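This structure is in structure tokens; I'll ask about it shortly.
We call the chains A, B, C and D, going by the order they appear; numbering starts again at 1 in every chain.
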Amino acid sequence: MTNRELADESHATDPINAALTADEKVGLFRDMVRIRRFEQTSLSMYQKGKIGGFLHLYIGQESLAIGAVSLMGEHDHVITAYRDHGHALAVGMSMNECMAELYGKATGCSKGKGGSMHYFAPDKNFWGGHGIVAGQTPLGAGLAFALKYRKLKGAVLCFLGDGAINQGAFHEALNLASLWDLPVIYIIENNGYSMGTSQLRSSAHPQGGLAQRAEGYGIAWDTFSGSDVYTMRARTWKAIERAHEESRPTILEVLTYRHQGHSVADSKHKDGYRTKEEIEAQKAQNDPIVRFRNLLMEEGVLDEETAKNIQAEAKFEVDQAVKFAEESPFPDASAITEDVYYEVDKQTESGRTGRHFFN
Amino acid sequence: MPTLTYRQALNEAFAEEIERDENVFLMGEEVAQYDGAYKVTQGLWKRYGDYRVIDAPISEAGFIGLGIGASMLGLRPVMELMFWSFAYVAFDQLINNAGMIRYMSGGLIHCPIVIRGPANGGTSVGATHSHTPENFIANTPGLKVCCPATAADAKGLMKTAIRDNDPVYVMENTLLYGDTGEVPEGEHLVPLGVADVKREGSDITFVAHGRAVITSLAAAEQLEAEDGTLAEVVDLRSIRPLDVDTVLASVRKTNRVVLVEENKPFCGVAAQLASIIQLEAFDHLDAPVQRVSAIDAPAIYSPPLEAMQLPRPADLVAAARKIL
Amino acid sequence: MPTLTYRQALNEAFAEEIERDENVFLMGEEVAQYDGAYKVTQGLWKRYGDYRVIDAPISEAGFIGLGIGASMLGLRPVMELMFWSFAYVAFDQLINNAGMIRYMSGGLIHCPIVIRGPANGGTSVGATHSHTPENFIANTPGLKVCCPATAADAKGLMKTAIRDNDPVYVMENTLLYGDTGEVPEGEHLVPLGVADVKREGSDITFVAHGRAVITSLAAAEQLEAEDGTLAEVVDLRSIRPLDVDTVLASVRKTNRVVLVEENKPFCGVAAQLASIIQLEAFDHLDAPVQRVSAIDAPAIYSPPLEAMQLPRPADLVAAARKIL
Amino acid sequence: MTNRELADESHATDPINAALTADEKVGLFRDMVRIRRFEQTSLSMYQKGKIGGFLHLYIGQESLAIGAVSLMGEHDHVITAYRDHGHALAVGMSMNECMAELYGKATGCSKGKGGSMHYFAPDKNFWGGHGIVAGQTPLGAGLAFALKYRKLKGAVLCFLGDGAINQGAFHEALNLASLWDLPVIYIIENNGYSMGTSQLRSSAHPQGGLAQRAEGYGIAWDTFSGSDVYTMRARTWKAIERAHEESRPTILEVLTYRHQGHSVADSKHKDGYRTKEEIEAQKAQNDPIVRFRNLLMEEGVLDEETAKNIQAEAKFEVDQAVKFAEESPFPDASAITEDVYYEVDKQTESGRTGRHFFN
């Protein structure tokens, strides 16, 4: 686990949260529950052999995607790594297309071509879903560059893991973001581990933590525990304002925890590289859903019954998604060579000229 | 037709496309204030300013990745690698991001980006600076790659590459930048995937790309002068997409072929061509397909030896005579 | 002979070489405390400790480059890439440093390093995680590359690679890790540059490497059962150095050849083999050299489709029947 | 040019310098003069067309290589980039082998295979000479790793340019060096420009300068002007002691200036990206040879005549080197495929098995 425990101050009354209607607050809760449910069902479908490859679950980290994405406006964009189901649902992708993608069906968000790690929804300003650690970080800077080039007031939320900060591409992107005043926000989801390696064994960093590396590039930074949605929203909003008003980048290190293994195949995540006690303690203290549920009940905007219904609705929604995925067809064999080249797919003059495929 | 250098022809292509489409911008190390390490972008920063012509720090993975990200939002970046050899520090971005995102998104995204720069040996800059990775790029479905040999093709292919909606990697040659050639006036576009018969001949075919085309033309002259042999020279121009028909038509006519490239032999473009030709023109071959590539070692510095390491007209003539 | 999994065979190779030579150490992501992402290094950290088995952060360019630097001083690093696909973030180190330093120093330096890990598709991990860059490596003089298909070859080639004084890149396969096979007891070394005829036959030759060898053997069984055709299966094992003689001997015997690989077709290893075979056994070919490669697109996720994308026995049988 | 002017304090009396005998001091002067001479002659030979490819001259930066290398002991190693002639001569490579290498002759240090950017002398603990910007920085960490693995008390001096700090490989190497306590010293030779790009346009950095990025990795750092050899030695020695005693890395940013263009072909270096005035001022105030010459004269360990002789000897030495290079043979064509594979060169069993070359 990380070497720092950050006591969190409540941000419930910060303007950005005070402005939330009761419905909106319940909506945030619902969205987290939907992610949790989706992930739990994905897990069991994986165990039933319905899903191939990797499955990196977001359980325990829901407040980060939901909190950050809930702040996005028309010209704000988001991009992340392979642990992308939470972000996908947060931007409004349907459980159907997401579950069908896991099944490798033609009705999946990527037509079954990308799988769990590669969800995309450009129409919702969501740019994936990237499998190569930190490979998305220069892309995030590029999206921000495009906003600036187009003279649009927007921000790019580029998520990455705590283990991703040691990739060269991230370092290069940081220098460019600062040098060129790009409105990009790097959100390090620090769940304490990169696979089986604790953050302590992977990253040398200053006292202030991973985000403090920002100072090496003259970039603003902040570090906080993200299990409270209000906190996530309030602290991320500051960075978005900086991006919108000053076109300056920010690095946020957000402490969180993944309840499951790194991917589904991770025998050592219980009493291997981390103790059962640690896992239990984290679940008990930092479960973002439990915490927000309790907060909303204290606030009186959520009651047992509504909470139950939300759970039931989420369960129903994901069961429908499974049904949809089950009943959807696999892509035709011909699909293998589609979506390789834009010009070929569109059968333009360019796409019809010369040999593009070599079997 | 006006006569331009290969360098000027590229420069015109950039200027015309910058003026035609506000989404087009140039980025790379020293491309702006310095006018380009090889002066290919001369004067463009002065003319179009910081907004369209941008100097980047020495961070190829960073700025190439940035360009790919910008292209996803609809910009049309024209990124310079000072040398294609430096692609190796940005290789993941070049292959996995520009090359795979369209596919992995089921076609939701495309990356209309051009990545360009010189890829050649022959200038005594040593092994790390003399790579010619067109074969690596062409191995990667999702990417396109072309290697212009003349000023006209350099301009025409570059303009086409910038307008293409897929990632197109253009490999130029520092030894050709100063070469002059006639370039059609006005709008001049050369399609990708169309080879060009640079010399007609009936006895044997040289297939080449990039500077090897120039070498092939010299060899063809020598063969005609010394042996009366009429060699045809097919310039592939574009490697992927590839104009297989033009290559096969020439082979069916001459029944003899020598494949020439400046890359190392193992899995070079000529290996792929040999496998296609023997498969699709098997009965038209009077002799095995011959290959002339760089001598199979890292690029040597020593100038006179490097000249020997790369295919020379005499090497092509010798290879041709073997099967004539 | 004891029967081991491919995984155990590799594990034994590491243990034996670590004990044999104090300069040998293992490094990579999760190779130590986690026992390896695919458990190939299981138990080695417990047995040999932090000094010989080292976990690295996710910094392939950094730690691969570090290993190369250490090898210049005489250490013998055995570096794991969790997937060879991640080589692309370390590509400059892999090609320009490990591959060129000996040459550029006029032979003053050599880099006795092994870089290893799985390089394969077929496990639904998507386009960015399914690369098979043996052709890129083999294109690079200065580097060696091998692709074991069986447990015995995995152990024998790995031990040889560790003792070799040049950089040897070993490409394994996650789909083979669980396969079992007999492995000779005691010191078992398989030389680089020696192909292995995995099945004798007189009618047609399959040439393959890595998992495609297993596919070829299945196809050969089917051909014999259904057509009474006797197919020979040549396992290249090592791509560079390459055992051209064994390949040509088989072709001269059968006069028909199908080249099989799981890589994409354009400039794959089979392209190079086709160019060599048609050049050196032209008159022995009764039909064009056939190729079966992965369907030419990025690796698709959808499990049933990915199974179609990679060469299946039926595809090989069909290719063979075309020329029988 | 850089944004910082560092007033330099004299380090003449620091123990490491006080310990120098008069002869040793004169020796340091001589070594700088030899580099300057070698470079000046290389330039004219390049202009005469005797040399191919690039030629990156070290003129103006001599005190950095000489100061640092003069501190090296048995287990200390050095590695640098393509601007490597100064380091090569500093470790004791002969002008003959270095000049012959520029000529591409068989008698060159790399048999004419590496050229100007690729000098090596492993027997003198010099590991090159590397053409890819920052490509040598992980190698430097690797040499340090090997020292530690072998339990030797040594340090690695890994030089890089100010433009090289924005390469991902450097960032990755820094994290590894700190995480694993490697005795490597990264010496940033900040001559103010990466080709035609001023450091201000290439690197976002903290107030303290480029070396301060070290804090992001918990690495010690120092920044100083390097034109005074005493300063270079004193400040570098602190880092070497840290490496030897604590096995900890250091980043040093050393301000310097190149009098010539980036490479020989650099039309814009005068009144292009930098002004004639700036160049003249730098030559006047910060020429390391002039400065040390004056210092030594004040100290009375150097007199006009000795200085003249040293100049004359250096000129004679380099003229001899040119003669040697001129008279040396080019490599045979067969050399092209030698030194590719160790096993082939040595004709071992391995080297005789299978086909290694494919023409």
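Operating definition for what follows: contacts are C-beta pairs under 8 Å (C-beta built on N, C-alpha and C of every residue); 3 or more make two chains touch, one makes a residue touch a chain.
Everything numeric in this text was worked out from a predicted model, so none of it was measured.
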Task = Please name the chain that ends up farthest from subunit B once chain centres are defined by their CA atoms averaged.
result = A
Message = Looking only at C-beta pairs that count as contacts, which pair of chains has more of them, A-C or C-D?
response = C-D
Key: Distance between the centres, which are taken as Cα means, of subunit D and subunit B, whole angstrom   = 36
Chain centre separation (subunit A, subunit B; CA means) in Å = 40
Remark   = Contacts with two or more other chains occur in subunit B at residues 57, 59, 61-62, 85, 88-89, 92, 96, 103-104, 126-128, 141-142, 240, 264-266, 272, 296-298, 300-301
Note = Expected list for subunit D, residues touching two or more other chains, is 110, 112-114, 118, 130-132, 135, 166-169, 171-172, 175, 179, 201-203, 340, 357-358
Remark   = Seen from subunit C, its contact residues with subunit A in the complex are 29-30, 33-35, 37, 55, 57-59, 61-62, 85-86, 88-89, 123-129, 264-266, 293, 295-298, 300-306, 308-309
Of subunit B, residues touching subunit C in the complex = 61, 85, 88-89, 91-92, 95-96, 99-100, 103-104, 126-128, 131, 135-136, 138-142, 240, 263-272, 274-275, 278-280, 282, 287-291, 296-298, 300-301
Query = For subunit A, which residues are in contact with subunit B within the complex?
reply = 77, 79, 108-114, 118, 120-122, 127-132, 135, 137-143, 145-147, 149-150, 168-169, 171-173, 175-176, 179, 338-343, 345-346, 348-350, 353-358
Request  = Show which residues of subunit A lie in contact with subunit C when the two form their complex.
outcome  = 52-54, 101, 104-105, 110, 112-115, 117-118, 130-135, 163-164, 166-169, 194-197, 201-203, 268, 272-273, 330-331, 333, 335-337, 340, 357-359
Query = Which residues of subunit D touch subunit A in their complex?
reply = 166-172, 174-175, 178-179, 201-206, 212-213, 215-219
